[in-house]
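Naming follows writing order (A, B and C), and every chain is counted from residue 1.
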Amino acid sequence: MNRRTTLAIAVAASLAAIAASPARAQEEIILGATVPITGNFAATGINYYNSLRMAQDDINAAGGIGGKKVKIIFEDSQSTNSTAVNALVKLVRQSKPSLIFLNSLSVQILAQEQEIAKSAVPVLYSGALVALQEKGNPMMFRIRPADNVQAGVIAKGLADVVKSKKPAIIHMQDEYGAGTAKLLEAELAKLGLSFVAKETFSPRDNDFSAQLLNIKNSGADAVVCVTYNRDGALIVKQRRSLGIDIPFLCTTAMFAATTLDLVEPEDLKNVYAAGDVVLETNNDKSKDFVKRYNERWGFKPDPYGAAYYDAMWMVVDAIKANGTDPAKLQEYFANLQPWQGTAQLYSNQKNGTNNLAHSAVLVKFKPGTKDFEQVVSNTGK
Amino acid sequence: MTAQIIQLALNALAAGCIYAVVALSVEIAYESTGVVNFAAGQLVTAGALIGLSAVAFTKANFLPAYLLVLVGMSLIGLMFLIFVYLPLRRQSVLTIVIGTVGVGIFIQNVMLMTWGPLPKSVRSPMGSGALKFGDVSVSLHVLYVIAVTAVLIVAMYLLLYRSSVGRQFRAMAQDPEAATLMGIRVKALYAFNWILVCVLAGFAGLLFAPMWLVDVTSGDNLGLKAFAAIMIGGFGSVPGAILGGIIVGAIEIFGAFYISSNFKDALVFASMFLFLLVRPQGIFGERIADRA
Amino acid sequence: MRHAQLIGAILAVVAALVAPRLLSEFNLRLATLSLHTSIAVIGLCIAFGWTGLLHLGQAAFIGIGAYATAILSTQLGLGFWTTMPVALVASGLVALCIAVPMLRLRGHYLALAVLGFNVTFEIVARNWTKLTGGFDGITDIPPVLFFGIEINDDRSYYYLCLGFVIVCALFALALRHSRYGRAMIAIRDDELAAGTSSVSVTRMKVLAFVLASMLAGLSGALYAHHATFIAPQDFEFAKSVTILVMLILGGELSIAGAILGTVIITFLPEWLRFLGDYYQAVFGLLVLVILIVMPNGIVGKVKQLWPKLTGRKTHV
């Protein structure tokens, strides 16, 4: 390749970039979303990337909003904080959306927070770190229960269901794992309990035998297991092969269909999982969502995806009621009246957190199957 | 307690074998061309994912499936040779090293588009059975990993030190110009080199996936551990790479067991420093001295 | 050629001065990012480009600078002009401590040892929660005050960074043409000869390594006050590799190359976003294409093409 062809390619690429830049058609309602599409966190993003695209198509197939089509502009937030901020800045300054969906990675959202405050565009996010609501940013609304709701359900399960006296914990070494561990310690302290063993692992770890044997040797009678899907699946598998059969109370990733695909029914013996909701049985809307999602994408959705699907339909109602002005949309969510979605009964309780989702459940896997039943529920007060 | 230590040692050995095979791949590329291959992790993932599809395609007929992986990885090696290595051969080694960074980004994202980001489980030719000795449980796949690694090591030894190809190979590594004068077909040997590098990485992928599941970023960490293994074992030494891999596996698992699971990765790199300070040439030292 | 370089430099500075008037807000942010990152790349140019130390840990030193200024300004309320020099000294001191044992190593050993330091730094930053805020990082890092005026918009911050880049580039150029710079190049070209010609090889290597790390620290301080938020994952070793890619792609191991390479690697993936899901793969491919078409980097290619462009014969 010579210089001229290189130059030609560069020119063609920039022309294509200009052509592809969103020419704002009047009849479109523009929304934005930052999603980890590539990079280390792509697996965490796939569910809401799919759900948002599906909701967009559903809405447009049903005639859009007041005759206008909805268009979500997706920007990849990759796995670094500065790329996540780049993606948000690009959306806010170039696409000028009425509202933006952010992802579930709390640290990325912390990095984006200042820019959100500056932009004055409302955002719907699912990062569950409690520190996020403590920012008190009026533009930010959380569409999934915060980590303390999940921690509350797990603590209740430990105390009431498995009647643990000596619980242990194994958690991911990141803001989610360490944050949840801290919340759980506080919850357990109220019950007069504390962890007899605390083990951690790194995001890309493969072998958990050392941690699991340490837990076994501590004499623990139950284990809390704060994980994502790949590591969660590996832990319940390796625990089985090490012959550790005390109850394992796992976090939401464990009963996501994408995790269950990775394990055998026998791996789930005496395993519990806390999560937002059991989509397969929650209500007619959620059953329909699971069915259609599975048909379109070839695997079942998890509650993350459902939250974004709901959020998109809430935005439809918000725009119908208040129009597309960002400030008006912010008002809608600041005063959100109870709204039933596939995953949650959303509402703004006006307690300064701007949390819209409040309930979580704990399920137990039925012996020898991947089916589960609800054993604890917290509908939120 | 003894049972637990044996259990951990077995798991450490299995992990160590994987690191050793990746390290072997990195080591061969370095020894013959001086290139530190930053795409090693992505090549390992490629092996695992191609394996996944091949096993599905051949309906779990493992011999043809493995052959498909062999062919696939060889093609990647040839493509690297033709599109990256040969055009850059006359440049500084570092330019090629940066080339491997570009290759890594490219392969990773092509895999992301092909297989998606979700983790997947891969079947082992040994099935999912396990042997029990009292409190020690060892899966057939772990034994298989250890056996295949041993076979690979012996095969590499015979190939590099006991065959005429190996002699030519080492002659090329020492001095490509002189090797050309001696009538060695250097280009064919380069092709052989990069195919070998990719096939070894692919094998590491086939071995780790049934134990640890696979997604498009699985190999990244293995690549990093392989670098640590080589540092400990010594650059430029094939036995060093293997021993280094096994030591890294042991430090990780026993470090997490006896010291702290918080700092087990830090322990690996701390020991790496220690080795560097005490014995900068690694356990086995560098035969080809001072590559910059 | 000399005149051409001078004219080129002046043109570049003028272009950089007027750029904020022409760039969209998004591109301005990317330009600001490139500016403060390029300071770390200039640092790498000193350590690797001139002295031949393959330093694959710049991200850790960016991190040390960023954490130093973030901790001091959020916890003690100190201003940027106090914390920034501390950030420089902190990264320099850490570099000094690890330089002495590590610089005995050569080539790839050094590279991978520093890479190991980078990974360890990340782990420590994650776990030393009291000091670093752990995984949640440090939020609300205050803006820089410049003679009492808050620099909190992108345009002013761009000019602040541009000022620092010009100062660092001039410093590096002065160093390059000083006794020290010549000694460094001598070390890169032939350590044995440099050793016999009474230049203290070790002292020069330590100097280059420490200077490189201090520039990284400065880059980190500017990053922290620009992002207003830092977390351990911002300083992953992958970033160190990216910084090396920037230097090599820019070319010729030169200051101009360092800055140009940073700009390209910062902008390229962002500009490719229109390709949707494919853009990162295309980015990897383009890095390869640039390397193959311009194996000496962009600056190298320009130098090679210069006689053809001007129709004059020059001796480079």
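Brief remarks follow.
One rule holds in what follows: a residue touches a chain if its C-beta (ideal position, glycine included) is under 8 Å from a C-beta of that chain, and two chains touch if they have at least 3 such contacts.
This one's a predicted model, so the numbers in the text were calculated from it and none came from an experiment.
Distance from chain C peaks, on a Cα-centroid basis, for A.
Chain pair with the most C-beta contact pairs: B-C. Chain centres here are Cα means. That of chain A falls 35 Å from that of chain C.
Chain B and chain C have centres, each the mean of its CA atoms, that are 31 Å apart.
Contacts with at least two other chains are made by residues 127, 277, 280, 292 of chain C. The set of chain B residues touching two or more other chains comprises 109, 112, 262, 265.
Contacts with at least two other chains are made by residues 38, 173 of chain A. For chain B in complex with chain C, the residues that touch the partner chain are 30, 36, 38, 83-84, 87-88, 91, 94-95, 98-99, 101-110, 112-113, 224, 227-228, 230-231, 235, 262-263, 265-266, 269-270, 272-273, 276-277, 280, 290-292.
Looking at the complex, you find that chain C touches chain A at residues 24-26, 29-30, 33, 126-127, 129, 134-137, 139, 227-229, 231, 233-234, 236, 239, 270-274, 277, 279-280, 289, 292-293, 301, 305. Per the touch definition, chain B reaches chain A in the complex via residues 4, 7-8, 11-12, 14-15, 109, 112, 116-121, 128, 130, 135, 137, 139, 208, 211-213, 215-218, 220-221, 252-257, 261-262, 264-265.
By the touch criterion given at the top, residues 38, 40, 42-43, 45-46, 173, 199-202, 204-207, 209-211, 213-214, 217, 229-230, 233-234, 241-243, 258, 261-262, 264, 299 of chain A touch chain B in their complex. By the touch criterion stated above, chain C contacts chain B in their complex at residues 52, 54, 101-102, 104-109, 111-113, 115-117, 119-120, 123-124, 127, 237, 241, 244-245, 248-249, 277-278, 280-281, 283-285, 287-288, 291-292, 295-296.
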